[in-house]
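Note that the chains are named A, B, C and D in the order they appear, and that numbering of residues resets to 1 at the start of each chain.
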Amino acid sequence: MSQQDRIKIAKRISKELPDGASINLGVGIPTLIPDYLGDKKVDLHSENGLLGMGPTPDEENINMDLISASKKPITMDKGACLFDSADSFVMIRGGHIDVAVMGALQIDQYGEIANWAIPGKDILGVGGAMDLVAGAKRIIIASMHQAKDGSPKFVEKLTFPTSGNGRADLLVTEHAVFKFTENGAELVEQLSDLSLEELKDITGAKFTY
Amino acid sequence: MSQQDRIKIAKRISKELPDGASINLGVGIPTLIPDYLGDKKVDLHSENGLLGMGPTPDEENINMDLISASKKPITMDKGACLFDSADSFVMIRGGHIDVAVMGALQIDQYGEIANWAIPGKDILGVGGAMDLVAGAKRIIIASMHQAKDGSPKFVEKLTFPTSGNGRADLLVTEHAVFKFTENGAELVEQLSDLSLEELKDITGAKFTY
Amino acid sequence: MNKLIDKSEINKYIKDGDTLLVGGFGLSGTPFTLIDELAILGKKELTVVSNNLGEKDKGLGILLHTGSLKKAMGSYFTSNRDAVSEWSKGNLEIELIPQGTLAERIRCGGAGIAGFYTKTAAGTKLAEGKEEKVFDGETYILERAIKGDVSLVKALKADTLGNLIYDHTGRNFNPVMATAGKIVIAEVDEIVEVGELKPDEITTPHVYVDYLVMNEYEKIGGKYVVPTRSN
Amino acid sequence: MNKLIDKSEINKYIKDGDTLLVGGFGLSGTPFTLIDELAILGKKELTVVSNNLGEKDKGLGILLHTGSLKKAMGSYFTSNRDAVSEWSKGNLEIELIPQGTLAERIRCGGAGIAGFYTKTAAGTKLAEGKEEKVFDGETYILERAIKGDVSLVKALKADTLGNLIYDHTGRNFNPVMATAGKIVIAEVDEIVEVGELKPDEITTPHVYVDYLVMNEYEKIGGKYVVPTRSN
């Protein structure tokens, strides 16, 4: 999982984010996205109670009561607003976040997402993942194409526990972009020099192209 | 229904209100109470989004966006706070208002209240009455002892539509104070020169004494 | 991204038969200019969700004269005798809802919550036909979320992004309504630059607000006064 | 009416076996002084409702070393490996709750609402055993209110009445928890005179707050630093 691949994914997703959109970025690859937005102004939402998250502060301006959902010190953009956790999830669950970008452990060919628990391992953390899956207007999955052991993460049917009934709209890996419709997955764009056959070989899901 | 009787009721109820309590006052007799609190400082709650309602402003300080639930211009006490209607009813329904003082069309001998609708008449207004009946920690009914036609308002069983499953804790009329326990109504104090028999004659409810 | 539109543009966003969530308690926190425009546009068959229908000839009360309303959902209609009279004549459906239940149903509509169990009104005529469930020995009734096609709210100030603050108790139902409409139009007295409203004081975050319309009423002696019509 | 008490007095209000609602997200907005006092008092069999159990040896994390906890209800425990290890050893029950559901369940606890229907977690392992209901073709699950015996919250400032304001995202779960405890104790950095907090900026109205305790941690370089113990 090279940093170059991670950046490729972040850059590609940043093209999907409309100017002025409210965005929730999950941990991992999604956190790289703000560096590639160029002139676009988006409003970053943080589950712990902020819309309008700005960049990391200088050391002397750190306030550990102004942090991101990843518990890192942050700043506020102009026009930012603060609220409590209940109101923060009114925004998420009520469909007021335009795009949620999140990682996944698995995603199936209909866009069903598994991103919180691995079978056989302790299940002790879920955070806001299920709320975002249930509520965000549009869900983009940022993920490496394969797991560390080389097995496909983009599968025909989830074997990991589902994150809910919400479905992803788009999947971006280092090799390709897939979009999800009622009919299943569709290859939108290839992002590496893999042939179509090679791409199919490392993908568990069926997709049209 | 003399003003003197109304004031007598308001005065008697004001003795029931502890210093520092949060109080919601309904329309009618309860609105007279603030004049008889003496040195006591209570926090008056207004359903439309204020805790810490102060007295009526001078003409030049009226703001019709700072009004009571009766839609009259008001002021704010020191320490007052503003909130929206949903949060206002979190406070009411969640049991955070110490005392609600309200009028009643009827009240039965177990403290069940009818204060929003008259049988056979149009039912087009309820306001916050049912929320208060359901949620206030303590409910005091301020009422004339009899209806205008001389019929008892304090009855064995309601004939008017109930305001809910909540029960009054105290009833204060121009003639008497009754408290409600699991066993029914108990005469606590007489406030007029009626004999006990005369009081019973104009009361529909059974009560102990 | 400036959300300011001319009041006449609301014609594009409101259709006959829509459900409108309209802020205000009595006349306080009422979007008068937007309501006037609704009357001018002659929209029909509207369902209006609002605590009350303004007062006689004021605020939402004027829509009773233009035959715009099919149904009203709110907590208190008896303070406008036109509402009572239209209802008696069969011209207006009314759904009476306890005030706290009304506020919470709208909040749920904006919060992705389909329904909730409340003690309020359990055992009363207003609970008839509603599902009951006992929790810890007490009876609760199921109340369902209310959503609107369009919300018309009234704020004191907006910034150009659409963040809103309210004027004292003019806040009332406006913040919850701003979360629960597919389209949200806020009438405001003033629009300030982004950054002038502090992150802590913003009551309605701008994600909820689609359009801003200037209030044309002037506040004199603490009351909004009908503008001299220029059109 | 001054609500200020010495931290040691919380001993009177918290019993073994109590359910405590404790504010904070990560370590932000955490009532450190009250948690330290809980550890000193040696309370047992507590159920703690909090987004997470602090971090290793910090915040609620210290209660894992004092054997104070029977159960934790929250959304994220994996960031404190002591929590994971105590759970593996069977010393700690954990109820995992999606973050938004956690916040809303607590809000309902304070709001007189017994339960609500949410889409979140429907169809997942976390919905097992929960009642389902279909609204408009979508499946929702019934989530029940959470109430506490005692809420321990952290605010930036209080006035002497007990009105509270919070420090940026240190707000998080604190305002809802302040509504949902039978007894509510707020740890604050500063207490100001009544009138210094403006009616519009007060986040938690004083009716929710029973007692105030001074925070003994000093904020240095933006982080709260453990006080040099005088006792």
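Basically, a residue touches a chain if its C-beta (ideal position, glycine included) is under 8 Å from a C-beta of that chain, and two chains touch if they have at least 3 such contacts.
As the structure is a prediction and not an experimental result, all values here were calculated from the model.
Asker: Tell me, please, which chain's centre (mean of its C-alpha atoms) is farthest from the centre of chain B?
Answerer: Ranked by distance of C-alpha centres from chain B, the top chain is A.
Asker: Pick the pair with more C-beta contacts: A-C or B-C?
Answerer: B-C
Asker: At what distance in angstrom does the C-alpha mean of chain B lie from that of chain A?
Answerer: Going by mean C-alpha positions, chain A sits 54 Å from chain B.
Asker: Could you please state the distance in Å, as a whole number, between where the Cα atoms of chain B are centred and where those of chain D are centred?
Answerer: For chain B versus chain D, the centre distance works out to 35 Å.
Asker: Distance-wise, how many Å sit between the C-alpha centres of chain B and chain C, to the nearest whole number?
Answerer: Averaging C-alpha atoms per chain gives centres 28 Å apart.
Asker: Indicate the residues of chain C shared as contacts by at least two other chains.
Answerer: 104, 107, 111-113, 118-120, 138, 168, 199-200
Asker: Would you pick out the residues of chain B that each touch at least 2 other chains?
Answerer: 50, 76, 82-83, 89, 92-93, 134-135
Asker: If each chain is a dot and touching chains are joined, what shape do you get: line, ring, star, complete or other?
Answerer: Topology of the interface graph: other, matching no listed pattern.
Asker: Can you name every pair of chains that touch?
Answerer: All chain pairs meeting the touch criterion are A-C, A-D, B-C, B-D, C-D.
Asker: Touching chain C in the complex: which residues of chain B?
Answerer: 46-50, 59-67, 69, 71, 73, 76, 82-86, 88-89, 92-93, 117, 122-131, 134-135, 161-166
Asker: Considering the complex alone, what residue numbers of chain C touch chain A?
Answerer: 1, 107, 110-113, 159, 161, 163, 179-180, 194-195, 197, 199-200, 202, 205-208
Asker: Hey, which residues of chain A end up touching chain C in the complex?
Answerer: Residues in contact with chain C: 19-20, 22, 43, 50-52, 76, 78-83, 89-98, 134-135.
Asker: State the interface residues of chain D toward chain C in the complex, per the touch definition above.
Answerer: Against chain C, the touching part of chain D is residues 104, 108, 111-120, 133, 135-136, 138, 140, 144, 165, 168, 199-201.
Asker: Which residues of chain D touch chain A in the complex?
Answerer: So the residues of chain D in touch with chain A come to 25-29, 51, 75-79, 83-84, 87-88, 94, 96-104, 106-107, 118-126, 138-139, 156, 167-176, 203, 221-224.
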